[in-house]
Amino acid sequence: MTMLAGIPLRTAQWDWDYFLHQRREVLSLWPSGSELQGDDAIAAGVAYHKAQPWWKYASLRNKRAQQEQRIQLVPQVGHALTEQTIAHMQCSEDLGPDRWYVLTDTYTRKAEYAKAQDAVERSRRDGFSYLNGYPLAAHGVSGARAVNECTRAAVGTDNNDEDARLPWEIALAAGWTWGTIKSIEELIQHSRDFPVDRNIHNQQYIDRLAAHYTEQGVPILRRASANLPGWDSLGFKVTVSLLEVLLSAAQGVKFIDLSIGIGMNLVQDVAAIQALRALAREYLDKLGFGDVEIHSWTYFFLGDWPLQRGQMVGQLALNATISALAGCSGMYIKSPDEATTTPTGEGFREAMEICGQVVRLVAGQRLPESPELATERAMIECEVRAVVAKIMELGNGDIAVGACRGFETGVIDTMFSPYRFLKGKVKVVRDANGALRYLDPGLTPIPREVAEYHRECISRREAKEGTQAGVRWIVREATWASRSLRDEVAERSY
Amino acid sequence: MTMLAGIPLRTAQWDWDYFLHQRREVLSLWPSGSELQGDDAIAAGVAYHKAQPWWKYASLRNKRAQQEQRIQLVPQVGHALTEQTIAHMQCSEDLGPDRWYVLTDTYTRKAEYAKAQDAVERSRRDGFSYLNGYPLAAHGVSGARAVNECTRAAVGTDNNDEDARLPWEIALAAGWTWGTIKSIEELIQHSRDFPVDRNIHNQQYIDRLAAHYTEQGVPILRRASANLPGWDSLGFKVTVSLLEVLLSAAQGVKFIDLSIGIGMNLVQDVAAIQALRALAREYLDKLGFGDVEIHSWTYFFLGDWPLQRGQMVGQLALNATISALAGCSGMYIKSPDEATTTPTGEGFREAMEICGQVVRLVAGQRLPESPELATERAMIECEVRAVVAKIMELGNGDIAVGACRGFETGVIDTMFSPYRFLKGKVKVVRDANGALRYLDPGLTPIPREVAEYHRECISRREAKEGTQAGVRWIVREATWASRSLRDEVAERSY
Amino acid sequence: MDRSSRRQPVVVLGTIGHDAHIVGSSVLRIALEEAGFKVVFLGAVVPAEEFIDAARESAADAILVSSLYGMARIDCSDFGAKCEEAGLGHVKKYLGGILVTDPEAWDQTEQIFRAQGFDRVYPPQTKTDVAIADLKRDLGLD
Amino acid sequence: MDRSSRRQPVVVLGTIGHDAHIVGSSVLRIALEEAGFKVVFLGAVVPAEEFIDAARESAADAILVSSLYGMARIDCSDFGAKCEEAGLGHVKKYLGGILVTDPEAWDQTEQIFRAQGFDRVYPPQTKTDVAIADLKRDLGLD
């Protein structure tokens, strides 16, 4: 495969006819799509939606939670069978999750529907889930409606990777009201060699679809996530999320959640969340999308989680505390099973209690403004403005085109990615306070003052530890959070 | 009983002869004391101490942890039998607790040694612990040495209430290296009608004993705690801890831990810890105790803990996070059993993992200085200075005498106390951010600006909730933290 | 006997033994008063005998004992028998707080204290409503 | 054959199937190289066939497969048989990562993957030292 498939991209709302043309093809990818052929199917979907109460809508829950100053919690689910998935969800229903985050399985994410179907049958036979998510296309609208109707929460999906167009058609037709749409993040995280332009094009399709429902009066919410791995720089995450926001707004999406995977340094995480919010608002307004409603969300640390249950739940609660102190609208939580198995319903029930308690106690508390926070935020803003400007420049003002060129030129880059077309020149380490810093920004256009600031922070740790930053640090930090306390004590000299 | 027993008090180091005179009486309170009669016994205790490695000393661990920027964790234990107590401690030994906090049982705390002995025998017979702590006097030096020798941690005791003189003699002779000494706090928390002057006098005995060991080269550490209930005002806690510090320094104690029971509002807790530290240093220096070494510690919330295990561990981790962000030297942790039973060894093992993980991840992070933090700290300092000045005035410059008069006049006062001689006119409620505020400062000499600030914060919550502050709030807040999430969701209208 | 002429029911309340935990009983006191009971509040650190004397003096309908600090087994031993002796056999006796020390099944804990003479024994964090509803039922007040 | 004349041991390493988790294998790669192995690193999202081809081409002594995303049961089915077919029966085959999906006893998980032809199967978060020590033992390098 090559990095570009040669698809002509443009960051502007698709013609409805162009969309419909693509749609016929998408719906024929798998039998469950065929039922949705024709404009009528969309109308039927819209009608189903309109019969739903307000609290099935993530967008409306956002507003309400803000009024109530309540922080929302979102557990996750996804097993091969609809029954398994529903059983998992029932475990937490009385704890009132605001949304259910239904992850699709990897086959579905790669549009390998036959394999997913196969695994569903094997799972049914063996009474076991052979899939790491819920195969939306395999179960079709009827399965997805059953999932939707088993809960008072707003049901949504995360199912990109490469092609999530069909699963989104099914989800929306089934009354699901929100989902994560990604392209840039997905390549960096999940792909080996899928073309960038094709991925962005697929994303535009979904955004256009969501916008169409919204135009019909159904307030579909799109989550613009940058839950990139926990070892990535916060500035990079903000850049990625911001690009997703702008691509999405261009397709007519009106309700967007900003979402940052936290790094577990309180000040830096809060700074990133604040910076993303300010930048998103500023760029949206500047580009004529003043009517887009945005909310700040977090995603729990996407790095190594410890095996020991006590350590695990401690880390969970810390993630909830940081998210709450950042004043976010809500958070995507993890379960105590994170490091050992596919999360269970019981695990998420416990996680709902853990995070629910933290959020309740921290309600109303915020990390106060301070010079440290202001510096951190300014550094992130400075970095993101520079990178986004470069991308705009590379695309002659078009973000989608610029993003493709960004991949080519190393302007978009990070470490630990399976994506072969990424330069992989960036190196990130933690400083003495646990904040993430560029040891090497590679070819990314990080402004000099930012690079120097990061370098200084790293030097302080070097001085403190008497070692030099390098690959050793990176390797050690890959298992920093998951390190067993017992081992650590055993190494103490007393 | 009356509030004063008529014991002549003076805040100055006791003559050694005066001490020895009291000592004969103390050691005859129970057979296990008789072995310690005579100066030789102290010398033998000192000799045992000197054979111990540095890490058995809480005072030296404080220094080392500070160098290593490691935050110390202290689990608790206390069952009727020595074997039960040791078995509990073994559960966490590989997780390297820095200290073991050995709580004595209530009979021992009230010097009712015969009853404690009786319960020990019943416990032995039934294989059950009939006591809520470890009966130090019943088990004597040999039992206490067995407890000391089963761990690498520094073993210490918390055993006041009314009279802890004998248990302290036993603990120090057995090589325990630290403990909590309290008088003012204890009356407010644990007594119905024990005379204030007698309690302070008993405290002075223990401080004098600890100072004597220290003079012999054994660096005994005294914890000056204000782990008053979680509903108390932070300013009040700082006042109480500060008074204990000064009483103790006067007896010649050289290593003092400041300890604040946190209220779970991040900014206010950090402010209290910082204020206490600054004030303790200032008053110690001013009064000629510049050589006293102090460290800041926290004690987990002493209010209601939830029954649900998930909520429970979330609250645990939050307490650890706040303590770590305050930059304390260490913390007294609670276990997931807190709300249901006497804590188990397994429970504390889990708590060590939970809090250990939080502390490890937060290491190096601090709540940055900010105007909010500065205001909160200034308010607490202002309050404490005013109250301490008033106490000094009441005592004609003598703290011990002033404290007695403080109880009489309502200068020392709080709500929810079993102590009959307290005025009980103070009312404390939480504001909209969960910070603790005086709704009514009673007769305490809270400066007007502090009272007004608190009142303003309360008004903001009144406005937000559309209710008026009063007894209803206090009642609701008594079970605020322990409220079940499930119940809360059930009350939601969606 | 109609409602209006019925005298106000009287309840003796406090925390037993050397137990200093006063928050729970203070909360309970307020709830009972709001529910129309006359409460003889003894506070905390109250010997068993003081409960009995107070109940006798006030002709109480019920004695509500709180215990949190883990020594209820000792503090409450023979509470029922002592009441009986004092002629208070007919008075309802409730016990609540945190009665479990070593982890054990609730049934077992409950049985131990029922054997000590309590009519009702409550698990940790029982809501005040529950106790009040029970009281009304047991005293035939509804 | 003395140590010095022995050729450098070769290991093929990567993350199998559609699995994108590359951090674990990257860490393992560095550790293996530091321990003196020649590593043919395939990265992540690597089909089973690619492991086999690479092992054949490099005359590898061992194949180290990483899988974290929960679909190892499918991705690794018949891995041993496929190797056998390709004439790689003698090559050591290790599997690690996060192989459990539904909670189950580790013995059971291990058995399932041993039946798929792996010589060693590792539980989550196995330290790189452990795998290297096993490799040295299995390849007779010590």
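In this document, chain identifiers A, B, C and D correspond to the written order of the chains, with residue numbering beginning at 1 in each.
By definition in this document, a contact is a pair of C-beta atoms (placed from the backbone, for glycine too) under 8 Å apart; a residue touches a chain by one contact, two chains touch by 3 or more.
Source: prediction; values computed, not measured.
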At what distance in angstrom does the C-alpha mean of chain D lie from that of chain B?
-> 54
Taking each chain's mean CA coordinate, chain A and chain D are separated, in whole Å, by 30
In whole angstrom, how far does the Cα centroid of chain C sit from the Cα centroid of chain D?
-> 66
Indicate the residues of chain D shared as contacts by at least two other chains.
-> none
Classify the inter-chain contact topology: is it line, ring, star, complete, or other?
-> line
Interchain contacts, given as pairs of chains that touch | A-B, A-D, B-C
Chain B-facing residues of chain C, complex = 15, 17-20, 22-24, 26-27, 30-31, 43-46, 69-71, 73-74, 98, 100-103, 124-125
Show which residues of chain B lie in contact with chain A when the two form their complex.
-> 53-55, 64, 94-96, 152, 264-267, 306, 308-318, 320-321, 325, 349-358, 360-365, 367-373, 432-434, 481, 483, 485-486, 488-490, 492, 494
Using the touch rule from the top, collect the residues of chain A that touch chain D in their complex.
-> 105-107, 109-110, 119, 128-132, 189-192, 229, 231, 304, 307, 337, 339-342, 344, 416-418, 420, 471, 475, 478-479, 482
